[in-house]
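One structure follows; several queries about it will come next.
A, B, C, D, E and F label the chains in the order they appear, each numbered from 1.
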């Protein structure tokens, strides 16, 4: 999907003045309830992934405006620490790289034990979202305006990951 | 509940060094889906209230540590603007006032139209949460450490509202 | 919202012959499941509020017919008794007062312990719903036909509360 | 299950003074939302059945007190009229017949079109619930106290249905 | 509904070359979570029925193609064995009989204890689904192509059950 | 998590006679409803991932018996084709590789358009699950018994992927 979508990109009428990552970044907190876990109390990885995808979609939607955004891929996600019922999941997301219709969103997941306010880094994910027009065709999104060295570092790392994804998909 | 709970407050062993509101404040973003709305597309007020209560409980839990926290009351909540399917709800909450086992949490709700990033102030709520020990008895929580004039202003306004609640409940 | 909506009220074609509160009153029973509670077993106040808003909307919709009804406000709601997983929530709602497009619905919540059929009064709420036409404009609803002294008493109390709401909102 | 459960019934200590059906009858109203229907707008039969089973369990639990109640069977259920998103489901349930640990609950389902308050009879169900003790063994429940001819008529019809169920299950 | 729907059946344009039951049969596995059970851990019968209806609708939809399918009835369903939180429900469904717009689907439910891979037969259901056109009128579905003696046996048993349903509904 | 868990593996008492992949493989079908999609009708990637994780957990639980299984990682997942409301998701999963406490599960996702029975391959995922004992420590699971050349091919490909995961995690 990455392959095809990035070759046929439509032109949009309005001028692309770009957007900063700060204009679309988001944080959300989700309480982990019994319905999110197996009977042993461990929260399902899939529940975490559902929220990761949701916030990535939100950030991508904010960056691309009126377009419809869909998930193209999620890079390997390692669950570093178990999450339990009663924990609060703190999920933050920021756009790191943009290529025509594709956006890479970095998502960080922390699990907070509300009994003692301790937090552990539970997972990091890189989600690629694609902007579509109303016919389902990829549409160019605003370029990413970088403000400091950190932005530039994240951008060039994102570019490397995007190239690697395209290479893995059999397409350079 | 306010009445009784505030008269019988248990003493906890550890010293109360207080907590700042910044240590417990929280923000969450929730996408409004078709299951959150009536068939005309208007998000149910009750869905918003559910998230308001959830984040207030999270902030109160963060402030009070190992205690169990429950909702004692929610002040009148006016829905200033309609919220629609596809909007993102941005809900932020901060503790404003503490009296023994009771905490007042101010919750602000914005609705964001993700097509054009415009936001409207949808509602404000004042939620009173109570901390309970494992037997269900009210337990004293850390006092609120104020850092600046804004903190003090919010605190004294919170005190007025708490007095008004107790007066309405027939108890001064 | 109350303010603006009540000033611009559209006229509807059909004659207003009124409706009795008995034509729209409703009762619902909801089992409290693990997904409705925190890990300590206490049902979230927000879950109760969600059902309170749902039944108020149902009663308002029954009273106003084809209109779209939305929540304008919920008065302060005090949770008098804790509700637990396994309890049945018995929620009853009745329209008490009507002013042009606004309806006040009184909602009572009881929690029943199904092990011994004992019931406690958990909360009372006053919800204001507004009827909208298909363009989102407030629309006049049938007046409330009173049948006995109790109806009249509830009506005048509702009128006082509505005046108080408008006053609090900075508008008489 | 009916077969085995009814033969091994445990004796409980307290005297059986019986209960009237009015002590356990229940009514609930459920709004039908988009998540309850197929993409054409028709509410799934299974969603209705879920609520039918829930209210039957509530009535059986009310009648049997501290016991755990589980569904033994649901007689053929015919969906007489389609139910749509936006309809309110009005579900009422009453115990009609008791045999040792088994209770027959009659459940009636009406669908109300909230635009014009018209109601249609959507379905009727007969649910058999069984009361279990904490070891999962069937336990005798209070007998059903009949107050008038209607109660007696329902009881003898229930008895016929129960005999028919046992006969179908290969056991008289 | 069976009665009326089967008398007024519309003719569809395309030739009916029939379909085999193997073209529409389906199996699904569902994990039973805390939100599917009562506080004692027993899965609600209604939760099982919801999935039974869902898979029957899927099989009927596969058999009938573009039509809208709705549930007409579910025959008596006996819950042979209790199902618990943490069990996996294995639900398989196959079309057994077709009469104009009506399809009988046989659904088998097994409960698997994932600790030791043991399975028990929890229930069997016969669901009647009806195909509707876009105006809500019954529409003829492909006839059922039988391939072996088992298919024929199931078909003639299905025919007997369908006749019995129509007889019970007061219509031969 | 992979790193640490694989170094400290506990010994279990019973003899490891191994299991075939056929003993744990699973298929599930899930209807995509409005609550699974954004307002444009596209099913969220995260909803698909939730089901992918759920079935992988089921397969791993079947293979490892009494152990508790949790998700360690999900390899990059590419969404090849969009999935829409009303589609049926057909998800099949099989264990491909086992290393002490870690199991690799291959999950395939097809989306079926129920109007014309056409299916598209929507995604493939490789999920690593880890078996834990009751103290949360990794526990050795049965080895994978291979029956034919396909099993062996999948196993050696799985071994390469597992080595690559460990190398990426900074541990050989």
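Definition applied: contacts are C-beta pairs under 8 Å (C-beta built on N, C-alpha and C of every residue); 3 or more make two chains touch, one makes a residue touch a chain.
Note that the structure is predicted; figures quoted are calculated from it, not measured.
In this assembly, the chain whose C-alpha centre lies farthest from chain E is B. When the C-beta contacts at E-F and at B-F are tallied, the pair with the greater total is E-F. Chain D and chain E, compared by their mean Cα positions, are separated by 22 Å. Each chain gets one centre point, the mean of its Cα atoms, and the points for chain D and chain F are 40 Å apart. In chain C, the positions touching at least two other chains are 31, 34-35, 38, 54, 57.
Listed by label, the pairs of touching chains are A-B, A-C, A-E, A-F, B-C, B-D, B-F, C-D, C-E, D-E, D-F, E-F.
Listed in rising order, the residues of chain E touching chain A in the complex are 31, 33-35, 85-86. Chain E meets chain D in the complex at residues 1-2, 38, 40, 42, 44-47, 49-54, 57, 68, 70-82, 127, 136, 165, 168-169.
Contact residues of chain B toward chain A in the complex are 23, 26-31, 54-55, 57-58, 61-62, 65-66, 88, 114-117. The touching residues of chain A, when paired with chain E in their complex, are 34-35, 38-39.
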